[in-house]
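Some structures are shown below for you to check.
One chain, chain A, appears in both complexes that follow, with chain B as partner in the first and chain C in the second.
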Partner chain A sequence: MKLSTYNFLTSMAIKGVKVGYPLKLRITKKDLVESEFNPTFIERLLPKLDWSAVHAAAQQAELADDIPAEQPENIAENELLMQKLHHLLFEIDVLEGEMECPETGRVFPITDGIPNMLLNEDEV
Partner chain B sequence: MARRPEHSAPPEIFYNDDEAKKYSSNSRIIEIQVEMAERALELLALPEDDETRLILDIGCGSGLSGSVLEDSDHMWIGVDISKSMLDIAVEREVAGDVILGDMGEGMPFKPGTFDGAISISALQWLCNADKSYHNPHKRLLKFFSTLFSSLTRTARAVFQFYPENSDQIEMVTAQAMKAGFYGGLVVDYPNSAKAKKYYLVLMTGGASELPKALGKLSSFMVLYTDRKSMLDFVGTPEEERRINYIKKRDACREARGKAPKKSRDWILAKKERRRRQGLDTRPDTKYTARKRSGRF
Partner chain C sequence: MTKLWKKYILWFAQEHVDFRVAEFESIVNLFGLKFRHLSQQLLNPFWLVEFPSDEQALQYASRSIALRSIMELYAHGHKMPEFHEQLKTHVQTNGQQLEAFFKAETFKVTVETYNKHFSQKEKVAKIESMDYLPIEGDVNLKNPTVEWWYLEFYGLDPTAVPATADDIIFGRVLAQGQRHLIKELSLKTRKFIGNTSMDAQLSLLMANQAKVCDGDLVFDPFVGTGSLLVSAAKFGGYVLGSDIDFMMLHARCRPSRISQKVRDKDESIRANLKQYGCEQRYMDVLVADFSNPLWHNRISFDSIITDPPYGIREATEKVESKHNPKDVTRTADMVHYPSTSHYALPHLYRDLLDFAAKYLRLGGRLVCWFPFHREDYNEAILPQHTHLRLVANSEQILAGNTARRLLTYEKYLEYSEETAQQSPSEDAVETTDFRERYFNTNGALETRTVRRMRKAEQREQGRREMELRGKQPVDVRAQKCDLNKARFD
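Then we have the complex of A and B:
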């Protein structure tokens, strides 16, 4: 799972959960993959991203130095930051880990790079 | 007729390692899946500016439809309930991310994430109750409403699916409409038993794109089209032509001084004719030719 996908995931599907965002991410095993840098796509993606989740992902991926805690203005003009964002969002592949719902504490495991978002009968 | 896979087992059981392997080795399955994915992408009608969009692939399986999206330089995220299929997708090193999830439990994404969604041969699985606590209507509504929120406000979602009967089509479209979608059903090759394909095209917004509702028709309409004229499904639908034809026939009768068929005047004239022939005819009352109430 890429960290861009992590930014979009919520636990809203669980019964009773209002926001379910951002999930608490824990990475136990990650991999680096290469991906083509596409600045226009990242620029289009920016309004959809939640910066607090981007920052949380950066901390988990041990890249906290690259990503400021507050969303800077005019990111699109900052080529270096765009490249760092690209690296964080598209080139880090989480192989093993888990995500925790902030409201219920329900844990969604990530195995072989596939997050398991399946719910149990009583959670639907 | 061949047994429908959704009658044999739930999807997470049916698509086991053996079945999943077919989707990476059987060239015929691959060819059909890719063809349908290409068609779905065409119906998605993304703006032609060569920009990369983020697309959701529901029931992505081994990522065959995802590779079609990749060929068009789009980013995608896939959801599927079968771990075996997703393992094949990871093995094939598809560019998109895959998530293990159940459509009927809702899409686990935050609002406004995707620029579009496609789904190939997955929706019919949702029409079945595989577990005792499953209710197809509720699961469909949960799926469509969470999908609606996870799409942007100008997005489309295209589902290729195999409806079992017209009741299923109605159930699916009714729940989609309840969730806020506009749209319609596009049927490719309606006269061919094998090539006939159903595509449910749903839109989140943009009233200008809506096909015009006519008469008693709802905003959902079934459009039968062949591949050639299938460029724009907002074009002249079959219903419109048929309704015009009935209108024309009634206009002709009126011009000849005859009452339109099934009207009160037409029935009275018919009864009068029977009386003249000496046949047993009920008297004319205020109830003659009165419409039945909908309760009947």
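Then we have the complex of A and C:
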């Protein structure tokens, strides 16, 4: 799972959960997949991102130094930060790990890089 | 300033004819091309079209899957003398522009006939009838600098071939369409496929319908083996998918190739994209149930391309608790597979359109298949949504009495709580399920649940009789579990 995908996942499908965001991420095994820097794609994605979840992901991926806690202005003009965001969001692949619902503590496992967001029938 | 329109011949493959117009409109719309139709017979394998420039014509050819090649039109006649007259006039009046082509080092003339066969000798005679053309170069059939193209069209009906050609056309080949991609992405050579993988041609057509272009975010909520993501990624989209089937996404389901006994370790949707050199466009796939909300409302997709399960070869299911007649004792450490129930097609499509209305960007497109029985068809059975406009609708006929339509919707209204309330959320139209009709063609209607209960009853009775005869019943469930485990190791 890429950390850009993580930024949009919620657990609001669980019965009784209102927001279910951001999920608490834990990484046990990750991989690095090099990919081409595509500034237009990141620029289009930027306004959709939730910065607190970006920051949380950076801490889990041991890249906390690269990403400031507060969202800086004019990111698009900051080439270096864009490169770092690209690295964080698209090049880190979580192979094994889990995500936890902030409200119920329900854990969604990630195996072989594929998160399992499926709920049991008594949870929906 | 008046634009200098130029005339072109679009030469199509005569396959999936109903998709041709929709594809043309989508590509024109994608690049913002201007055009004028010269011929009105849209079912013919050739169209005569005007574009303002070669550049626009090439842009069209750079995406079209239906197109075989595009030619610059020199002459078009219905009778031989008229045709030759036109060609001569065209060469005389445009002498300067055409000079470079006639003086090119090597050339080739392709003679094409539609609905009639010409022998090689006849074809050569056709070429020689145009000996007034001031061609100076040598013939090179393999690698010509310039290629000319001559067509005689004898109508579409093979049982009534006219004595003389209806249309005679001559032009210079400008570019080929993208039909080479069909072979390149062929399922025959693809790493990971399943029972319901979409064939390369149709999935490429779908990507064109969705107007996928570089840097788009494309989503497939019923991803399966990712066959639709392949074509979307090929056109530059970043692809994301989800599916309820865990075994499928982990490529641990039964192989669908007859020659293959077990799945390879490295089969996956990502491996497919890697095979075609677009691994960088792979975002993620996740195991999730489409009927439950998963995405944060900040995300917006540029397009949603999907082929939902029809309930025939791939089950339509969603996670739902149901009354279980069997008394199962569960322990906490036991592996539990969520119980799923039938996801009725009308509900599935209502959810899909609602999802698209919510998560597409304004102007983004939803492209999906819709199965139906041909005798039932009328516009009213098509799913509708107040925020989506149906922009294209092409039919592919399937086995028996069934067919499916490729529906293309465009979002034209921003979604908000207020606008959503105007839309009729629960429509009373409860059409008969596609699956039910499919398996009950003679009208003996038995609902899914009733049939399932009946079958279970039969099994139960069989088991009792077995016990009476003193045989040990086989635990099918345990067998299945073991098989699944074995596939995973």
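The rule is short, and it goes like this: the second predicted complex is superposed on the first by the 124 of 124 C-alpha atoms of A that agree within 3 Å, B and C clash if a C-alpha of one lies under 4 Å from a C-alpha of the other, contacts with A are read in each partner's own complex, and residues count from 1 in each chain.
Note that in this section a contact is a pair of C-beta atoms (placed from the backbone, for glycine too) under 8 Å apart; a residue touches a chain by one contact, two chains touch by 3 or more.
Everything numeric here is computed off the predicted structure, so don't read it as measured data.
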Here chain A is shared; do chain B and chain C fit on it together or clash? clash
Touching partner for A:L81 - first (chain B), second (chain C), both, neither: neither
Let me test your reading of the model: by the given contact rule, A:K48 touches which partner, first (chain B), second (chain C), both or neither? both
When the two structures are overlaid on chain A, which partner does A:L63 contact: first (chain B), second (chain C), both, or neither? neither
A:T40 in the overlay: touching chain B, chain C, both, or neither? Say first, second, both or neither. both
So, A:V17: does it touch chain B (first), chain C (second), both, or neither? neither
Under the stated touch criterion, which partner chain does A:V107 make contact with: chain B (first), chain C (second), both, or neither? neither
Given 80-88, 98-106, 278-286 or 476-484, which one is the stretch of chain C whose C-alpha atoms run into chain B? 278-286
Which residues of chain A are in contact with chain B in one complex and with chain C in the other? 1-2, 4-5, 8-10, 12-13, 21, 35, 38, 40-41, 44-45, 48, 50, 112-119, 121, 124
Once bound in the complex, which stretches of chain B touch chain A? 51-52, 54, 75, 77, 79, 81, 83, 86-87, 90, 95, 97-102, 105-110, 112-113, 131, 133, 142, 146
Can you name the residues of chain A that touch chain C in the complex? 1-2, 4-5, 7-10, 12-13, 21, 33, 35-36, 38, 40-41, 44-45, 48-50, 111-122, 124
Which residues of chain A touch chain B in the complex? 1-2, 4-5, 8-13, 21, 35, 38, 40-41, 44-45, 48, 50, 112-119, 121, 124
Residues of chain C touching chain A in the complex: 214-215, 217, 238, 240, 242, 244, 246, 249-250, 270, 279-280, 283-289, 292-296, 298-300, 319-322, 336, 338-340
